[in-house]
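In what follows, subunit A forms one complex with subunit B and a second complex with subunit C.
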Partner chain A sequence: MSLNTDFMVKVAQTAIQGVPVTLQIVLVALVISFPIGILFALIRIYRVKVLQRVVQFYVSLVRGTPIIAQILIVYSALPSLLNMIIGRAAFAINPIYYAYIVFTLNAIATLTEVFRSALQTVDKGQMEAGLMVGMQPRQTFWRIILPQALISALPNIANTTLYLIKNSSLAFIMSVKDITAIAKTEAAFNYNFLEAYLVVWVYYLIICYAAEVVFYLLERYFSKYRRPIKKTSGFNWLPFRIKQPKLERKQS
Partner chain B sequence: MENIKLIINFLGQLLPAINITLIVSVSSIILGSLLGLLLAAARLSESVVLRVLASVYVSVVRATPAIIMIFVVYYGMPMLFNDWFHTNIDGWNRMYFVIIALTVLFSAPVSEIMRSAYESIAKGQMEAGLMVGMTPFQTLYRIILPQAFVVALPNFANSVINLLKEGALTFTIGVVDMVAKAQMIVANNSGGYAWQTYCALALIYWVISLAIDKGVSQVEKSYQAKRKTIAV
Partner chain C sequence: MLTIEGLKKSYAGNDILKGISIDVNKGDVISIIGPSGSGKTTLLRTMTTLEEADGGHITFSGIDKDFEKLTGKEVNTIRRNVGFVFQNYNLFNNKTALQNITEGLIVARKVKKSEAEKIALKALERVGLTDRKNHYPSQLSGGQQQRVGIARAIALNPEVIFFDEPTSALDPELVGEVLKVMQDLASSGTTMVVVTHQMSFARDVSNRVIFMADGHIVEQGAPKAIFEKPSEQRTKKFLTDILANV
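What follows is the complex of A and B.
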């Protein structure tokens, strides 16, 4: 294999400017869709009359269509729609806003399902116990139910984030200057596509693994209460340790 | 009303291109399942090397965007073949590259699904099968697999739908599938009726995934019923 290494270094340097853009898209989509996802999940769980149908339809529509189709629809429909409302200024909008819209819509659908299954894992007794001690239903939800549900939702949220990171590579179709777009334009000069994409691949691997590590740490931090205080399973090696543990050690 | 009429019209124009999408999806599902089976076997095997290799492969592929995988395969494989086997595969049908890329992408989640399904079956089942004098292969084939199949089915369907959606990226390397066809139609109308065309495209994909969903839940239900009757 004869890879043009000089070119790869050059692409690596220029494509790094796209990393913040990718992260921005992912973060904005996650932050906006988080509360809406919880709301939609509650609508599904409590079977709010008409809204439930609407949410169900929306989720199935978004999950059943390729993200590329969503991108193409939004990118073709929205500018002309905005053009009718605010006139010529619509074509000067930074395309990253369209990317925000597409990926937020996408994340809402996935997160709705994630929260729905997570909220259902919390036992009904928790709610009853909260009401029992005199909390209001809303208080019980915010203080008792939601924290527990979020923890069981964390692995799935991590998955959603990974999907978002991976799918954000399609933002180049909307001429957003993310990692893929920069590498593509760099490569187009000399037809060095393979080198450029290999570099981009490494970037995505790094971002994805970083996200996985962050979520792993979050999960470990928030599920502290679940772990047993002492390791109960297996043989107790403690008396045979050379280094005796302190008596009042912090539980980890 | 006008829009709906347009969308129906575009549906008629897009549907002939569906066979490319279906060929690509079905062949990568079959090949990817086989590769996934091998990977699952490697992850369950006793050899440390195989286990580590398989898990590294799975975690790398899982973190790769579909479009990057397609591009790397499309641009990288001809080079690789040129250097290692001194054969020129530039003239290959571009569909093959997409199928290879999607096979690789599909094999990772499928291997995980197969592994977790296999592990979800209690070990006693295998032991009981061996106990009554079945050979290990027979036990696997007759006792473990039917049970694991039911466990794996919902997740497998999910991956298939994901694959279908990733398959929509085929157009990026110039295969004329439905997305490319839609873009051509838009270009022919010099940019007009764009969102109606793409809505028709989305509609087709939606119907396919709904059909997969429904079909799988039907199969699942029938299996559940069978399980119950045996249990009673």
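What follows is the complex of A and C.
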């Protein structure tokens, strides 16, 4: 078996048009779900009447179902629902909007839990100290509690982002023209499936790696107030370890 | 200046404070001593509104009211006129030593940033930490953190500063530097209410000692009187026990 490298180059060139689409889905989902996630986390922490039940139900609904089921439901329910409201124009809507909706709804549930646990790691003494220097609870929350919580949430936000990137590949089901969809079309057209999927594989690897680097840098920048981390525990810049770990060698 | 009468507090049906009355005058340095679990922390926390009291009356900075009837505005007034030094420091972890002090000035008092920094530097100087102003709490020793905690309280120039066992989370060799700062404050006329297990501080620095046990004030008076001839048996026993361990 040999790989058709010319075809791979061709797929790579076409599929790159899907990269912005993938990134768009991820960014839109993150940006919208971020503040809502914080709000939902607060509703749960402060046990706001009724609302906390709603949030809890929502989170378990999303977390307890496979994302593919969520995609299928949104994609089959929404267009016909819209059709009843706005008529035939509903079918002209760019399917990427459905992708925004599914992945945002999904990210909200994940981030709610991420922010909830992060907010709970901040010692309650921080709030009390704020009150005792005369600040309002609200001011203390924004200036003291939330910044600390966000920083401790960074690793989990990074995880959420990586999952989003990977899950966004399912958007092809909604006929969104992302990396996966384009490569699939090319593959089916030329019967070169493995080559096309390898290209997809590499693109996601690169995007995920870039995201990891971004989050590593964010974490390093914002964690400056924490106890200096051991120098050796820096970022593993190589996705694969090429060099063998050095063995302790006796000096003699 | 600050009067508390009949302060009561219970947690889940357990009466922790059973009617405490305290009178704090300007310039007082009051030490509160007593066995563990007697309600000393709870007393400071209810007096400063960190914890809601179940009953009692407060007279302080223009307020003359039962605790339960305090409005949000009055709670703010109380908080703005007291300082609190915590057992485990509770410095803002995401702020430098200097920012820990300016935060309350800028955000709560609306002092201009440059002015706030001037005040903060002066406070840091008083606790001997000018050279640590840009350090984060995690980069300071326990003793240094507690001194920043004290600087944060004094910078706001409150009418009275409450200390809840300010040295008991510290390694023994760091206790001295904090006590020294507190002693300086006391001799400069700062009004202080200090819960402490440091009998030397209670005896040598404060002008009044309150002995608490089981949610009551058992006895109070000048340090000399309390330490040399306590009138209550429980005080005597507590002091003998604690001094035997020094």
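Simple rule for what comes next: the second predicted complex is superposed on the first by the 225 of 252 C-alpha atoms of A that agree within 3 Å, B and C clash if a C-alpha of one lies under 4 Å from a C-alpha of the other, contacts with A are read in each partner's own complex, and residues count from 1 in each chain.
Rule of thumb we're sticking to: contacts are C-beta pairs under 8 Å (C-beta built on N, C-alpha and C of every residue); 3 or more make two chains touch, one makes a residue touch a chain.
Worth saying up front: this structure is predicted, and the values here are computed from it rather than measured.
**Student:** So, does A:67 touch the first partner subunit B, the second partner subunit C, both, or neither?
**Tutor:** The answer is first: A:67 touches subunit B but not subunit C.
**Student:** Looking at the overlay, does A:77 come into contact with subunit B only (first), subunit C only (second), both, or neither?
**Tutor:** first
**Student:** Report for A:26: first if it touches subunit B alone, second if subunit C alone, otherwise both or neither.
**Tutor:** neither
**Student:** Output check: A:128 vs subunit B and subunit C. Expected answer is one of first, second, both, neither. What do you get?
**Tutor:** It touches subunit C, and subunit B stays clear.
**Student:** Pick one for A:162: touches subunit B only (first), subunit C only (second), both, or neither.
**Tutor:** first
**Student:** Please determine whether it is subunit B or subunit C that touches the greater number of subunit A residues.
**Tutor:** B
**Student:** Should A:148 be classified as contacting the first partner (subunit B), the second (subunit C), both, or neither?
**Tutor:** In the superposed model, A:148 contacts subunit C only, not subunit B.
**Student:** Once bound in the complex, which stretches of subunit A touch subunit C?
**Tutor:** That would be residues 123, 125-126, 128-136, 139, 143-144, 147-148, 151, 224-228 of subunit A.
**Student:** Taking the complex as given, what residues does subunit A use to touch subunit B?
**Tutor:** 1-2, 60-61, 63-70, 72-73, 76-77, 80, 162, 165-167, 169-170, 180, 193-194, 197-198, 200-201, 204-205, 208-209, 212
**Student:** Would you pull the subunit B residues touching subunit A in the complex into a rising list?
**Tutor:** It is residues 60, 62-68, 71-72, 75-76, 79-80, 83, 161, 164-169, 179, 182-183, 186, 194-195, 198-199, 201-202, 205-206, 208-210, 213 of subunit B that touch subunit A.
**Student:** Mind listing the subunit C positions that touch subunit A in their complex?
**Tutor:** Residues of subunit C touching subunit A: 48, 50, 76, 79-80, 82-84, 86, 88, 90-96, 103-104, 107-109, 136-139, 152-153, 156.
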